[in-house]
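Which chain is which? They are A, B, C and D, in the order written, and residues in each are numbered from 1.
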Amino acid sequence: MTDARAVASGAPTGRGLTRDLRRLTGFTLKRLIALFLTILVGVYLTILIANMGGRVDDLRMVQIRGDVSETVRADPAFHDMSSEERNELIQRRVDLEVERLRLDQPFIVRSFDYLYRAMMLDLGRAEQMHSDRGAREVYWIIVERLPATLLLFGTANFLVFFVSVFVALSLSRRYGSPMDRTMIALAPTSAAPGWFYGIFLILFFAFVIPVLPSGGMVQAPPPESSLAYAADVIRHMLLPVAAMFLSQIFISIYSWRTFFLIHSSEDYVEMARAKGLPSNLIERRYILRPTLSPIVTSFLLMLIGLWSGAIILEQVFNWPGLGTLLFQAIGHRDTPVIIGSVVIFAYLLALTVFLLDILYAILDPRIRIGPN
Amino acid sequence: MASTPLLSVEDLKLHYRSSRGVVKAVDGLSFDIQRNEALVVLGESGCGKSSLAKTLLRILPRNVHHCSGRVMLDGTDIMALDEERFRRDVRWLRIAMVMQASMNALNPVVRVGEQVAEPLRVLRKWDRQRAMRKAAEVFELVGISTDFLQRYPFELSGGMRQRVVLAMALITDPELVILDEPTSALDVLTQASIMNVLKRIKRERGTSFMLITHDVATSSEIADRVALMYAGQLVEISTAGEFFRHPAHPYSKLLMASVPRLRQEQRPAHIPGQPPNLLAPPDGCRFADRCPSRFQRCAEDPKMFRLGYRRQVRCWLFAEGGKRP
Amino acid sequence: MRAWLSGLLELRKYPSAIIGMAIIAFLVGLSVYTVITVPYSQALELWRGGEQWRMHPVNAGPAWVDRLRGGGKPETMVISSADSDIDVEPFEGGQRLRIPLEFDYDYTAFPSEINLFLSTPELKREPFTRLTWIAPDGDETPLGGHRIAREDRVSITQDWALERRLGHVPHVGLLARDLDDESPQVQPGRYTLVLDAIVFDEDARIDADLVLYGRVHGLAGTDHQRRDLVVALMWGTPVALAFGLLAAVGTTITTLIIAATGVWYGGWIDATIQRLTEVNMILPLLPILVMVGTLYSTSIWLMLGVVVALGIFSAGIKMYRAMLLPIRQSPYIEAACAYGAGNARIVLRYMIPRILPVLIPTFVTLIPTFVFLEASLAVLGLGDPILPTWGKVLNDAQSESALYSQYYYWVLSPAALLMLTGLGFAMLGFALDRVFNPRLRAF
Amino acid sequence: MNTSPPSAAATATSETPLVSVRDLRTWFELRQWGFVRVGSVRAVDGVNFTLKRGEAVAFVGESGCGKSSLARTLLGLHQPTAGVVEFEGRSMASLNSRELLDYRARVGYVQQDPYGALPPFMDVRRILREPLIIHGIRNRAEQERRIRKVLEETRLSPPDEYLPKFPHMLSGGQQQRVVIARALILEPSMIIADEPVSMLDASVRVEILSLLRRIQTSHELTLAFITHDLSTVRHFAERIFVMYAGRIVESAPVEELLNHPQHPYTHALLAALADPDPDNALREREVPSGEAPSLLNPPSGCRFHPRCPHAMSGVCDVDDPPDFEPRRGHISSCWLHR
């Protein structure tokens, strides 16, 4: 008995923790390697799609030739050349440019070069666009827009996530109540994406009853004090966040409610009830905790979905984020920016997936320790 | 009798709704359990025996339709207590339970030690140290190494998990432990060793047991008395000696004859027919359809007839016995 | 089969399922009607726009909305010379024609535009005509003279000299009761536009059509290119349904078969499929579609192909895999192996049918997702270049700042149809989910 | 009944056992990420036995002792890692796919969980037709005739009542009859029944076991009956193989084994088993300590030695015990018989 007491009073806790930490580190490393490979393949696929075995190169050749002849013709220094001489000069310059861009090498070779540069986040230079500070590097153009996107989507997602989980928990307690039925009935409204609700919200709150701005991130000119600036950004965020919230919340509540109902009929929940535990403890430790990993998974999957949706929602609300950037790049046919955005999206998604894995392992000992 | 029984159940009913109608899972049960007594509730699957356990601990399914009756624990009607009182005073402190399918009875993401100590921490407000010490004690009692306190359920074998669940039921020293098919998924050797643990606990601590099972052979390992259920009703309550040696109800007789025995030449026989549908149980005796000694009166519903000391049988064949003083 | 039937019968208990099915039936009916009455080639031709729409107003709202609100906005009026009594007065080497174009104007609002279309078929010398506008009170306004080409349009609205003379735009000034009023009222009654023409031919003819463009038009109104939106709204239905259905079928079936194959064979095949799924998970669908649309073509069929291709290794595989793994272990599969069922038979006949009930609701709810995806692409300006779709209407509205100009109908009608589609399928899908998903049945 | 070979062949083959298994090993490789090997589970690890035609035998052991893996290996569902399985004198490893399909028709399989063993989306008719279709019997009338015949044999009559039913509409006993009918429909010469009654109610168990036994005798089938419950064996098998941790530790005719158990493990099993008796409550049973070993890493020497009350250090924990024959026809692999 004394022996048992010594064992029970602490030592194994420490041992258990170090064991868990060791396993967790190993798991994280493994996932990192796997994810790195995944990104590698994903980005390479993106490059392949973007170049479709070199078709973009043809476009670029045409463009280079056009640009060169333009500059040559416009330069008064070459005006008195004969047309043959001029053509020769143009050809030389084109060749030089082709060599500089290494367009003379086979695509497959360059594709790995592109891959290397994309992995190093060297996304090249934009053809038309530039960042607000004037940089032409795609990387800077994108990085400048990223915070706006993160702010908007982060806020909306967290709102949807926490509100839905907590409403769902309370609904699963009030199974069959009028509130419960209403939520079920409202769930199909989530078939429409956020931008769709955005249009209605703009219609009502910016035009029919003009109380909120119809788009943008901050009024022009922006307010001087940072407090007023923040308040103005929040005012501009209201409609897009509401749009995303509306389009997601009911389906989220519905699925969480069902999820919790299913899990609250697990044997161990029944056991906890039989054990006389109070219901808030049961909810916290017996319903939420064992199901945290699927909850987090679906939250992150929702994030992934919304990343994609960002493009159009930002466009509808004229929000100066990655989505609008991509939209503008389409308008300018600025290929490097488009490809760069896709790569950055891929990185963001990969990061999300990685977070998901690690959270999974932290939350669920079954994954962390594993049945070997 | 002079002493009040530990648990006394009168006319307990539990009906629940299903998509096809109301299922009368428990339909008017009355029995009692004395202190330090083990009552075995025997019955085939679907006869309502698991619902009985859940009704006693008031962990009812969401689709309950009707639940009534009196459950007296040491003289107080615990069915009349409100939910919060019941939770704080009765659950686990006085009646604990070992669930069927212990595989899933443990929270997969909480270390087993904490789960076992949890009732003390929550209901008795013990501090962690003290609760864990007690947990280590019960682990010893049920025969698990205290190293396992820090393990997660999925790291344990089925037998170990079953012992953990048993430890959890014993940690509050309850007066009554309800065991719902505690060993049905386990191997013969593990089964026997868990039955040994139960016997020891009963002997050393004077705990009362209610063992719910369909396995006649295992039930005899611990039974002081046997209650046989059929289609939501009790058909016979006897002392173990009488039930296993001289079953009274025709169903009891057939059931005993159907048990394969290792040390007996006689070949087991099966019971023809099937149990009735609990959605619409037949009028009259529910076993009549399958009963070899059926006669006219079986069309009426028999009541429990008294047959000797603490022995009752729900069969018209014993109607005379019931009239005897 | 019987299980399916009883499942479908069960659906009757869910009002949302019935509403959903009614909506879907309506949409399908509308599609069939559209495809039959307006053939594909004709729809494309109509949607291309141009001269064929010259008789339609620009950005007119739906008529029924105005009538519901008790408004008296005019619809388009066409007064044709074919219906009027033409005075013919021959002279040497030609004739003098007097064509009165009479009409009653009883609307309370002014038209949005006035044009006169003239055509003089087979004339060698261009005739000359002088126009006079006669109001109900007898006031005559000369509109000047014109030499008429073979096909000619006299845009009375854009007659700047006339506008200066009247003090209002011509389509207001010509119909106003009192020109000095800041906001003039319509003078109701019979108007006449008289064409006095001199033609230099014996049996010459002049066809004239006076068009007073309305402020409302038909069921759905018109857009900035005078196109009737009914065409786009109607044709948008079969396009949306076909896209949604094909994309849903394409992704679901391929994904399911791949997941089942992976689960059945296990080992490196499963591992490869899993890794591919992970790669696919980090490929963002919409940006890639945008990229493909920008770099190659925005044909709806190419988009469909890309959607399906990217959908094959989608996250759905993980879901199906999780559902199929326990099925792969289930005794009935083992039994099938023991009596000699082959791999293909096990995958197609034993594994897939088992999860079909769970799949059908997912499939139904997937359809609107793709419908909205197509609309999203169109709103981004990557819609199919030639097909009329709801998304394109939204895109036009967006780029013409419809909301700012208060052309709400332009946004609301395609949005309503999109919403209807979304709701219809989602309502049915949710009900199906509750009927066919055994885990949900109790709830 | 019509599967029995022509009489000339019968005399020739009556000497050769139906099934002969020599040093059979079925190991399962544990892999990570689908390709990295991290170890093997030795589910069946050196098993020898022969089964005669028309014989009913039982394999008894705790769960995880490899008895189900053995059954699956015999059924050709797992590839043996090493060793030989011969069926009618032919090694299974030498069969081509056509012959393997024929073999599958010759061996029927009855599983533990009758509900799980039936595809829930098929009705009884379809369930019984499936094996026929797979084995090329496509004539509808012939299919129907065979289906009705097996339903009669398994006492599911009248057949018309059961044919259109789906598994969930049947009781557990009826489901198991359908499973047995499916195992019989290809007219096999052997049936492997893996815990056929452990998920059924006590009152139905005897019925199903009797049915299996009756079919076995009337069709002169070989019945390999796998169970963890010794008490059901007595009346339904002629010979018993006791398995422990991937090996057969003892084999003998039923009465012989029950009355004169030789191996300590068999002793323990018999001591742990209760017949219903009120006196059971008064005594504790002798149970060996510990649990069955992990098959990933089985103990050296005799696999039972860590739990054995008679273990001799230096012997039992070092060398594998060979098969001894302490009594006639009674084989036990334990160093005590040395």
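Here, contacts are C-beta pairs under 8 Å (C-beta built on N, C-alpha and C of every residue); 3 or more make two chains touch, one makes a residue touch a chain.
Because the structure is predicted, anything quoted here is derived from the model rather than measured.
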| item | value |
| --- | --- |
| Chain nearest the overall C-alpha centroid of the shown protein atoms | A |
| Maximum centroid distance from chain D, chain identifier (CA atoms) | C |
| Chain B and chain D: spacing of chain centres that average the CA atoms, whole Å | 33 |
| Inter-chain centre distance, chain B versus chain C - centres from mean C-alpha coordinates, in Å | 68 |
| Euclidean distance of C-alpha centroids - chain A vs chain D, Å | 55 |
| Multi-partner residues of chain A (at least 2 other chains) | 175, 265 |
| Interface hub residues of chain C, defined as touching at least two other chains | 442 |
| Interface hub residues of chain B, defined as touching at least two other chains | 62 |
| Touching residues on chain C, where the partner in the complex is chain A | 16, 20, 275, 278-288, 290-296, 315, 365, 368-369, 372, 375-376, 379-382, 394, 398, 403-404, 406, 408, 411-412, 415, 418-419, 422-423, 425-427, 429-430, 439-440, 442-443 |
| Residues of chain D that touch chain B when the two form their complex | 62-63, 171-173, 201-207, 209-210, 228-232, 234-235, 258, 268-278, 280-281, 284-285, 287-288, 291-292 |
| Interface residues, chain B side, partner chain A - complex | 54, 57, 59, 61-62, 87-88, 90-93, 96-97, 99, 101, 104-111, 113, 118-119, 122-123, 129, 132-133, 135-137, 139-140, 146-147, 149-150, 152, 154-155, 165, 168 |
| Chain B-facing residues of chain A, complex | 1, 3-5, 7-9, 12-13, 15-16, 175, 265-268, 270-278, 281, 285-286, 289-290, 292, 363-366, 369, 371 |
| Residues on chain B engaged by chain D in the complex (per definition of touch) | 38, 44-45, 157, 159-160, 187-193, 195-196, 199-200, 214-224, 239-241, 243-245, 254-256, 258-264, 267-271, 274 |
